[in-house]
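Here it is, the structure, as structure tokens.
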Amino acid sequence: MKEEKSKYEIWKQKTHIIIYGVNTPAGRIFDLVILFLIMLSIFIVMMESVAEVDKKYHDLLLIAEWIITVIFTIEYILRIVTIKKPWSYIFSFYGIIDLIAILPMYLSYFFTNTHVLATIRSLRLLRVFRILKLMRFIGEASQLRDALKASRTKIAVFLYTVLIVSVVIGSLMFIIEEGEGSGFTSIPRSIYWTIVTLTTVGYGDIAPQTELGQFIAVLIMILGYGIIAVPTGIVTVEYAKSQRKKADEVTDPGQEAKECIGCNTKNFNAEANYCYNCGAPLPPAINNAQNANRSDQ
Amino acid sequence: MKEEKSKYEIWKQKTHIIIYGVNTPAGRIFDLVILFLIMLSIFIVMMESVAEVDKKYHDLLLIAEWIITVIFTIEYILRIVTIKKPWSYIFSFYGIIDLIAILPMYLSYFFTNTHVLATIRSLRLLRVFRILKLMRFIGEASQLRDALKASRTKIAVFLYTVLIVSVVIGSLMFIIEEGEGSGFTSIPRSIYWTIVTLTTVGYGDIAPQTELGQFIAVLIMILGYGIIAVPTGIVTVEYAKSQRKKADEVTDPGQEAKECIGCNTKNFNAEANYCYNCGAPLPPAINNAQNANRSDQ
Amino acid sequence: MKEEKSKYEIWKQKTHIIIYGVNTPAGRIFDLVILFLIMLSIFIVMMESVAEVDKKYHDLLLIAEWIITVIFTIEYILRIVTIKKPWSYIFSFYGIIDLIAILPMYLSYFFTNTHVLATIRSLRLLRVFRILKLMRFIGEASQLRDALKASRTKIAVFLYTVLIVSVVIGSLMFIIEEGEGSGFTSIPRSIYWTIVTLTTVGYGDIAPQTELGQFIAVLIMILGYGIIAVPTGIVTVEYAKSQRKKADEVTDPGQEAKECIGCNTKNFNAEANYCYNCGAPLPPAINNAQNANRSDQ
Amino acid sequence: MKEEKSKYEIWKQKTHIIIYGVNTPAGRIFDLVILFLIMLSIFIVMMESVAEVDKKYHDLLLIAEWIITVIFTIEYILRIVTIKKPWSYIFSFYGIIDLIAILPMYLSYFFTNTHVLATIRSLRLLRVFRILKLMRFIGEASQLRDALKASRTKIAVFLYTVLIVSVVIGSLMFIIEEGEGSGFTSIPRSIYWTIVTLTTVGYGDIAPQTELGQFIAVLIMILGYGIIAVPTGIVTVEYAKSQRKKADEVTDPGQEAKECIGCNTKNFNAEANYCYNCGAPLPPAINNAQNANRSDQ
């Protein structure tokens, strides 16, 4: 019995490495297969939503969906079985997404009521969230993320201001354009138009008809054109900072620690052994073991 | 009698702290309640403007408005009563907004003439300006505001140039597209279109039909695409400056603290050992204990 | 006779100072009056183009135009008479604009042929170029202009690339969307659409209907969204440079020249008199006469 | 016979210099002529696509096309004949473009079948790719290209994220707006709309009709307005870096020139007087004559 369990344990461990790990060839192949299946399943969901394609290839799409659902179900079970703390996975963001991706398909099998099926059909679309799992394959974004995190508060303040200004301008436009047949039928709709204009999107489904309305529209556009500079400025500066910081982390450590005993000069090159000012030998850098050995000789 | 007045004085002082202050728990709760009421009143104003919602819930919205108006009236009176210089509040920006927020509701009670009521109904919408009071809750924006203030003149010059160019291009487009049935019916309208295009909003309610008109439209777009860089560049550089300035203020102290005993000169280089003004040796930097000990030797 | 001429000469000189100068009170008032008249004349031109306004106030606008035309004619003659080299003014940019601003009005008096009058009416609109004279009143823009001048070549290269890419993509879209009734009726029109999309203007008068067309449209949008960063980046960096340069010009001169004779240290504060490293007195800054005197004592 | 061949060799060499070289006057004239012909041929292709122009000037355009095709054929043959490794040219990017530019015209001569001719007519449009040859005339873009290359990965990560977010939002909008008659007929179409909105293009051919849909649209717009800052920030910072790098390459030499006589170490601080590696005094910087004289004392 113990031996059996041990075999199971070994299998569990091996499977865990394949599913959760990325360092073994098998793990990498597993990841690529899952990546491909996710993209395929999203493609199927998309195609189903196109009426003509769904009409023609309905059965084919259904079969493909069932196959992928079964594979994802196996993956889901394996992920639960081979992990030490199953609940931490089940209630994690990706765990819930994985469940959402497979559940509606099984539900559609149990329910035959047309109305319920329509709801389940909508739920099936939620599997598109699985695409977020592709995010895991991004490894380059850390610096960008830092810059965005650093500018988060400032961008929030900016967007909050934009929102307040939009509410005020939207209400004004409603007063001006109401009853002109130009689409400003309510304040929320006017605010919607204001943001469409301020962000320079400009659908054109609602457009001011009165002279005053067009004049204010022009002011909003120029305002929007001007203030787009603000988030750009923030992100640029914060990103530049995070870049400098990264550069400093690479070159700084040895440099900071070194100081000439003779003349107190600082800011030496990382490789400096002698003070460039008075010629006295420099003490070894604290976090640079190799230099330390050299100066011991 | 004196005691009575004294009680009133104490109550006045306490109320003042609650209404105007933000440091006591009661003051903070008061602020949050007002914040919530402002957002609620704006929501009600918005809902009233949606024809269907207003039809269904007209009475409910009216009652809610009356309740909020009464609360805001009490707040308005308390603000006047508890402040030392009432007029400075009454004629301040927020004082006028607070009055605008409550006045139309009472006016609508006194007037029954339909035409006058319609005007008052419009005035009621002005209470949306109360949302600007939410601005007070932004404490993070100072740096951004500095950057915007510093680039104000340059952005004004830029927008002024954009306006002049728009007038010229708009007039040209009017000459080209007049009578083509493409919406260029007057110069102001052509200028409106030019700014819509230059700011990349692009409604599409007016669009050139002639080849020459489309060619110039393309030039305007590319121009707009190119010059959007200008305000962005300005704000980015000014914001970067204000960030550096702030960073300097944080890291400077060591430097700031160095002061020549002989001539009181400040602002020395971080590595300075002698006063650049009188040649006297400088005391060690206060926040650099290591240096201090060393120079004692 | 000589005296007469002398009087005329004095008048000519005085008038020249008023018209061309900006340093005397009279000169400044003259400039402000002209500024006001230019804006008024542009406003009149605009109003004339609005059919309803022109119908109502045609005579009033005509009289106002004649008055302004006469004033501008007097100004034009005075400018020619009081300048030493009249031709250099007549053939200068503003000289030609001034002539264009007054000529059509007189021409409309001599010609009565309806067809010719219509052409002259169009020419009258060219007086809107007078607005460019307002540019003279901008004194703050020098730095911005430098930044734009410095990035001119790079922005030209960028726009040239955008244009070539637009021609290629426009032709592709024509092949794909031709005959789909979606407005892609010719290559120039397709290129027009491509630039409308690439610059994120997006009128919507032409929009792709085929799946492939919409897919390429998405690629163009994302491309446009991405490359808008390029001119912004260029202008920002060049503007930052010009700002640094300006800052250097203010703080540098004294600094560069100073060097300690005792220890060869450089980079002193502008006001430094003694070396911060060895305490030796510093030589006076070469371009700083005041310091020089002080060290002579 | 040998002499004959030798003459041919000399002609080949001379022609090669004219066609591929840019340093001789003849080579430069050849380049300008080809440049003009490319622009002319693209203009002809464009004009042919405009139905009215093609109707009027069909024969003229056809003759012009044949003439240009013959000239380009001669150029193509000369390029192959005069180069040492013809295949490297034939299969190069520009070699294939050159072939595409001339081939359809000859094919249209051999085929008379109407259906095949229509296909060939489309192929003829591919000659517009010849415009890419104009790219060769850009010599200023190297720095910009470096900045774009350096930010390539980060922009790709950004666009990848935008794409994933667009798929998720597009699917959500499809669930919300399906069957509202607002153009959200399928998920791919919803994603198309999302990107149109996110990039602030905003055609307006599809626009949300439900309140929830408009609310999400507003969020997308503000998101798009905010994240446009990201690629801008990246390009600006990378471009600034490449500019600094270039500036360093120009100003460094003085620093570079300092080299320790004792141990050949380079890369000293500008102010270094002693070698940081072996402690030997450093020679004065070569491009600093003043320092050199002073240290001779």
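What to note about this one:
Per-chain residue numbering starts at 1, and chain names A, B, C and D are given in the order in which the chains are listed.
Heads up, the rule we're going with is that a contact is a pair of C-beta atoms (placed from the backbone, for glycine too) under 8 Å apart; a residue touches a chain by one contact, two chains touch by 3 or more.
The chain lineup, named per UniProt: A, B, C, D = Ion transporter.
Nothing here was measured: the structure is a model prediction, and the numbers come from that model.
Interface repeat of C-D: among B-D, A-C or A-D, the matching pair is A-D, sharing over half of the residue-numbered contact pairs. Here B-C and A-B are compared, and the pair linked by more C-beta contacts is B-C. For this pair, chain A (Ion transporter) with chain C (Ion transporter), the centres built from the Cα atoms lie 42 Å apart.
Centre-to-centre spacing of chain B (Ion transporter) and chain C (Ion transporter) amounts to 30 Å, using the average Cα coordinate of each chain. Separating the centre of chain A (Ion transporter) from that of chain B (Ion transporter), both taken as means of CA atoms, is a distance of 30 Å.
Within chain D (Ion transporter), residues 158, 188, 191, 200-204, 228, 232-234, 236, 240, 271, 273 each touch two or more of the remaining chains. Across the complex, chain C (Ion transporter) is touched by residues 153-154, 157-158, 160-161, 164, 167-168, 171, 174-175, 185-188, 191, 197, 200-204, 207, 211, 214, 217-218, 221-222, 224-226, 228-230, 232-234, 236-237, 240-241, 267-269, 271-279, 281-282 of chain B (Ion transporter). Within the complex formed with chain B (Ion transporter), the residues of chain D (Ion transporter) that make contact are 200-204, 232, 236. Residues 42, 45-46, 49-51, 122, 125-126, 128-129, 131-132, 134-135, 138, 140-141, 143-144, 147-148, 155, 158-159, 162-163, 188-189, 191-192, 195-196, 198-205, 228, 231-236, 238-240, 243, 271, 273, 291, 294-295 of chain D (Ion transporter) touch chain C (Ion transporter) in their complex.
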